[in-house]
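Multiple structures follow.
What follows is chain A paired twice: with chain B in the first complex and chain C in the second.
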Partner chain A sequence: MAKKNVIVIGGGIAGMESASYLSAMGFNVTLLEKSNELGGHLLNWERLFPTMRYGKQVIDFLAKGIDFEQINKVLNVEIKSIEKKNTQFCVELSNGKTFFGDSILITTGYDLFDAHRKEEYGYGIYNNVITSADLEKIFMSGNPITTTDGKTPKRIGIVHCVGSRDEKVGHVYCSKVCCVTGVKQAIEIKEKMPETEVFNFYMDMRMYGMHFEALYKKAQEKYGIQFIRGRLSEAAENIDGTIVLKVEDTLAGRPLKMNVDILVLLVGFVPSKGSKEVGKLMGLNIGINGFYKTKDQHTLTNVSNIDGVFFAGSCTGPKTITNTITDARAAASSVASYLLGFDLHKRDIENHEEFWLYDSK
Partner chain B sequence: MIIEGKERIWKDYQKDIAEDNYYYARSCIRQNFFPGSEATFLRILISELGKDVYDDPNHTTCTGIAYHSDIVPLETTMTVVARHFALMTSAGYKNFVPSCITSFGLYTEIIETWYEFPETLEKTRENLYKATRREFEIPDNLAHTSDIIFKYRNEIEKKAKYKLVNKKTGEPLKIVEHIGCHYSKMFPHKGIGGAEYPYVLAGMVDSWGGSVIDYPERRHCCGFGFRQYAVKANRGYSISCSKKKFDSMAPYKPDMIITNCPGCPYFFDRWQYALSEMEGITYGENGNGIPAFTYEEVAGLVLGYDPWDLGLQLHQVACEPVLDKMGIDYIPENKYKGLNNIDLGKPEKATHLKFY
Partner chain C sequence: MNFDYFVLPFCIGALILFTILSTRYAMWIVKLPRIDKRKAWLGILKFKFIGSIWEVFRESLLHRKIFKINAMLGWMHMSFAFGWFLLIVIGAMESKFHKSRVFNMPYDPIFLRYFEHNTHGFFFAEGFTFIMDLILLILLTATILAISKRVYSNLFGLKRTTKLILGDKIALYSLWTIFPLRFLAESFTSGLYNNGGFLTGTFGNIFASFLPLQMLEYPFWWAYSSALCLFFIFLPFSRYMHIPTEIFLIYLRNCGIRTSKNHTGYTEFEIYSCSRCGICIDKCQLTDVMQNKTQGVYFIQQIRRNILSSETAYNCLLCGRCTTYCPVGIDINKVRLLKRHDFAPENGFNFNYLDEKVTVAPFEYDVIYFAGCMTHLTPTIKNSMVKILNKSGDRYIFLDKEGSICCGKPLLFAGNEKQARELKYENKKLINKTGAKTLVTSCPICYNIFKNEYNLTIEVLHHSQYIKRLIENKKITLSKSQLNVVYHDPCELSRTNNVYDEPREILNAIANLQTTNHEKDNALCCGGSLGNFVISETERNKITNNMVAKLSEHKPDVIVTACPLCKKTMNKQSDVPINDISELVSNAILQEKNY
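Here is the complex of A and B:
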């Protein structure tokens, strides 16, 4: 019997790990990636919470699976069309090449929230307002953290939930990773610049993962990082280029006005442009928050509304790296089950829509 | 400051503004605060730009201050506003242009409420009909008068006699722009440039040669918050708001403040006097204050109108330093002469604030 073909769309960590597992399970796998490198957002992240492991170590680990299984990697490609005829999928690329698959696994990931949209925080307007992604770039470059005029910052503010849990920008969901990223980045700043004061402004500290709470405690006890419960109302630029923050300290019950030299905005997850494009091409169901809608919230979390099309990773919602890798392996098993003729993904379960959660009545 | 960042936001907040045929709704308080401003608006629109503007004497307060002070219920406010629209409808106009920022905010809020909750529109129609036997159409276009001046800022610049430039140094005047809170803070897409970095006044300053100052307390209220000044016991909050802004803008050495709300120029003006008397502080150069103008006054200066026709003698902070910087030709001794050279009398000298 000829080997069945799987096309994995998206070469981030979900795509890499699911491709490796599918290949190991005996399928021909083609991994399509729009950029010139596999690894997705992790390529731009230096260290990972909670252990401070280098992100590159995880990418290298995942790449060993890709190399070991000799996955057909197709880089620098855009998808032009996807058609399904009977049980066969035909994926046409903008370079004219065509791939056929018996199943498609979508791993199109997420985009980072565009911080320009939180206009009141002044990203792109005030020189010393940066995002968590910008800070990672500085970490990766090995350059010192300085203000735009080259000074060592005496005080840095980190704002949590930028673009997440925010009805004003239309994203009511939690991005899951920002709280602990804020703790991680605050510690990294203190390690590099022990004299710099770091203040994290948060709504809730969601330290749900294993060891997250320990990291949070360490940040306070060892590094003296201050956590202020209150959402920033606005940032403005002083005449000397420092940033003045207005925030309510909700534990003290007082308004707070403070100057910082650099303001870091912890940007959350938004549905990726790639997900939207592929979703439109294929007619995939989109959930109320804009991520792909899985067939069920609890049980069929890798299954789409199209038979033979599956999801993995944060294209269905914000996930940590650990969760994403686990999800990739789960998706691989769902695809394998489908290709081997099992109907596990067709099991019935009473439908529970999420829409009522967003109805104010 | 990265100006390109602001320009990117300004592109996101554009609005349609009617070309002509405006139904003009005056402000309750502007005619008392700075009465030359509304007259100047009409002069610019009608005489300079040749527009059709209907200045209706029959409309009343919109109830805005009472509404925001929780004195008049929303249903009553809606009915009063509906009557204004009925006047516009019966006059044959479709483009409603209020002079007051609070009115503009209130009209916007009510139209949005009618849109979101159509039953409130039907109830308002019923209330108005019962009370007055009038019927109304919702305006095709609602724009604040500062939107109209913004729209024609480049036409005004073409007719300009003076620029917002220091004639001696050739440097642009440094100008604080202050936007009325009710302009776009509630409905960002209804204001030119949005809520955080509005462009409506900054655009005028850009066109007329000035340079806009951004300072940390730019977004803060001027002190005209209705519950602050309307309740005598709260007036300390009002002057504190103004002081916070003056303290924040002073390091940038502004030549003037331009505003688009009835109360802002008034409070910026009067509270500078009060602060100088209370604490001996003056915020301008050499014992002067920072003149706070309406956009019509600034447009009038640019067009070469006589400062005393604009009503600038009604400012407690003297305007003369700015007139001199711009090289404006004016007759100082005419400052306190009214129509037909009637002597209006001079105000008492302030203790600290420079008097001309």
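Here is the complex of A and C:
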């Protein structure tokens, strides 16, 4: 029997790991990526919570799978069209090439929330307002953290839930990873600059993962990081370039004004542009939050509304690195069961439509 | 004297109608505030009624405004109103000529054809017969249109028509029968005595050929009279109350009376003038996003029936689209705001802190800049304005630089009239202390309240007007860019304050301004309105999405507005960049500098 072909769209960590697994299971895998490198967002992240492992180490681990399986990677391409004829998918690429697949796995991931959209926080307007992603870039570069005029910051504020849990920007969901990222980054700042005071402004701390709570405790006890429950209402710039924060301290129940030298915005996940494009091209169902809608929220989390098309990773919603890798392997087995003619993924569950809509009622 | 018992229903109905109307109107006039009463009396002396008569003719009879919105709808309203009016006037003339008497019974013209079998041989007799039949024909077509409007409202440019209440239904159905019954009754009589015109005469002959007219004639005159009676009795309890009331409303408005802050007699005239035409339903953007009955017509209906809920009072964007398009000219927004007083909580605030908040060196400034809370949340606008003000060379004070001074409009939106008054008092002290001659605001909401409710002695400008002036006085020079832009009119600036031209003139000077289908009066609300306390964020998002899609139709490079709230609201939904006009102006200055 000829080998079946799988096309994996998106070369982030979900795409990498599922490609390796699918290939190991005996399928012919093509991995498509729009940039010139595999690894996705993880390429821009120095260390990971809660272990402080380097992101690069994880990418190297995943890349070993790709190399070992000699996966056919196609870099620097975008998708022009996807058509389904009978059970075959025909994917036309921007470089003029066409690939055929028996199944498609979508791993188009997420984008970071564009902090410009939250204009009152002053990103792009005040020099000393940066995002968590910008901070990671500084960490990666190895340069010291300074204000734009080169001074060592005495105080740094970190704002949680920027672009998440915020009806005003149209995103009601929690991005899951930013709370603990905020804790992690606060610790890293403290490690580099013990003299600098760090304040985290949060709505509530979602330390749901194993060891997260311990990290949070450590941040307070060992590093003296201050966590203030309250939502930043607006930021303004002083003449000297420092940032004034107006916060409602919801524990103390009073408004609070505070000066910081640098403000870090913990930007959340939004559905990626790529997901939207691919979704439109193929007619995939989109959920109310804009991420792909899986067939069921409990049981069919890798299955799409089109037969033979599957999802992995954060294109269906915010996920940690750990969850994404697990999800990639799960998706690989869903694809395999489909291609090998097992009906596991075809098991249906009653009223999934109704249960999907539960939160919007 | 002509008499038959069947005229009684008509007479009784007319009498009841007259009694109810005169008591109601008398009560409302008594309820007018003293100053308005004075205006109404003075209006008589100043012959205000002459202009009013012309307006009544135009609006109540010809329905010019409805014509503008939809020709079919206008035609229907006109043929009913003007047709009936002519039927009464010409009918009265005919009956007078016929009897050659100035005074005859008021029902004579209505039932003339029953009583007078010989309608020939007086002045212009044939002409009258012809004209009366022609008018009847017009009224019959109007009736057909009215019935089909209920069925196919789309034909009339209405996506939805209003839901009817019982009084409406009885009045409506009796109205539908009046003219067909008159037609049948007159035709039957004509079939017997040959006294009809081209319509009733012809049909009379036809009917005579197969119907026992002797038996039918009399009951049909009874039916006609009873239909009139029913209509008259239910008129005051139905939408048709607007027919007589609108006449008074027009007069009072021409005397200079306006909706005030309290529910006065004028408000009564306004709410009873609503014809429930339903135009406001389609114009309201809430219609597309929710089922709730909150639009102008339902709001007014609830007031009339004394069942206004706080939800209806507060579920409105106060965008003013309904007010703009209401053919009767009801100031729906003002009525909405005054009704909110009934629901607003009575909590006191203390605004004394404002005294310490701002230090003002008196009499050193030309211009006050008031950014407002929304501009503080859109710092690019604030920075742009600071840059423009610095460039202008005017001595200015940034009054709310530290934030936290409220203009008071949000309190008014909430119905907290009293607290707003206190706040306004404090702010006014502050403004007067500066000695400046001009107050510039960035937010149209602030502009609206400073301009219209503070009674300031100094000039109030929105920043678009201020910038326009700076350009004219050559205080700033701007370079033109190749950007294709569309302009979004903020509600409080455009419909509420008629500032349409200045922003457009500026944009024409610095970019390529394209037109859209939704501008000026027909501009849409961005959905961010502070005036609505009921709708959910999801519903707001839908409104914003819809309007952004319409503005982006021709793929502009930028959507420009002149309001921080509009900018902020559209920004979260739009793929096209959103800018305030001040940002574009500030960039235009920058380019000149680089050069």
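Convention: the second predicted complex is superposed on the first by the 351 of 361 C-alpha atoms of A that agree within 3 Å, B and C clash if a C-alpha of one lies under 4 Å from a C-alpha of the other, contacts with A are read in each partner's own complex, and residues count from 1 in each chain.
Operating definition for what follows: a residue touches a chain if its C-beta (ideal position, glycine included) is under 8 Å from a C-beta of that chain, and two chains touch if they have at least 3 such contacts.
Predicted, not measured: the structure shown is a model, and the values here were computed from it.
On the superposed chain A, the positions of chain B and chain C overlap enough to count as a clash.
When the two structures are aligned on the shared chain, A:167 is found in touch with chain C, with no touch to chain B. In the superposition on chain A, A:234 makes contact with both chain B and chain C.
By the touch criterion defined above, A:224 reaches neither chain B nor chain C.
Of the two partner chains, neither chain B nor chain C is touched by A:144.
By the touch criterion defined above, A:127 lies against chain B but remains apart from chain C after alignment on the C-alpha atoms of chain A. With both structures placed on the common chain, the touch criterion links A:119 to chain B and to chain C.
Clashing C-alpha atoms between chain C and chain B appear in just one of the listed stretches 348-356, 510-518 or 546-554, and that stretch is 348-356.
Shared interface residues of chain A, touching chain B in one complex and chain C in the other, are 119-120, 122, 125-126, 234, 236-237.
Those residues of chain A lying in contact with chain B across their complex are 116, 119-120, 122-127, 234, 236-239, 244.
Here chain B touches chain A in the complex through residues 1-2, 4-6, 8-9, 194-197, 214-219, 251-252, going by the rule given at the top.
The touching residues of chain C, when paired with chain A in their complex, are 376-380, 383, 403, 537, 541, 568, 571-573.
Contacts from chain A toward chain C in the complex involve residues 117, 119-120, 122, 125-126, 167-170, 172, 234-237, 246.
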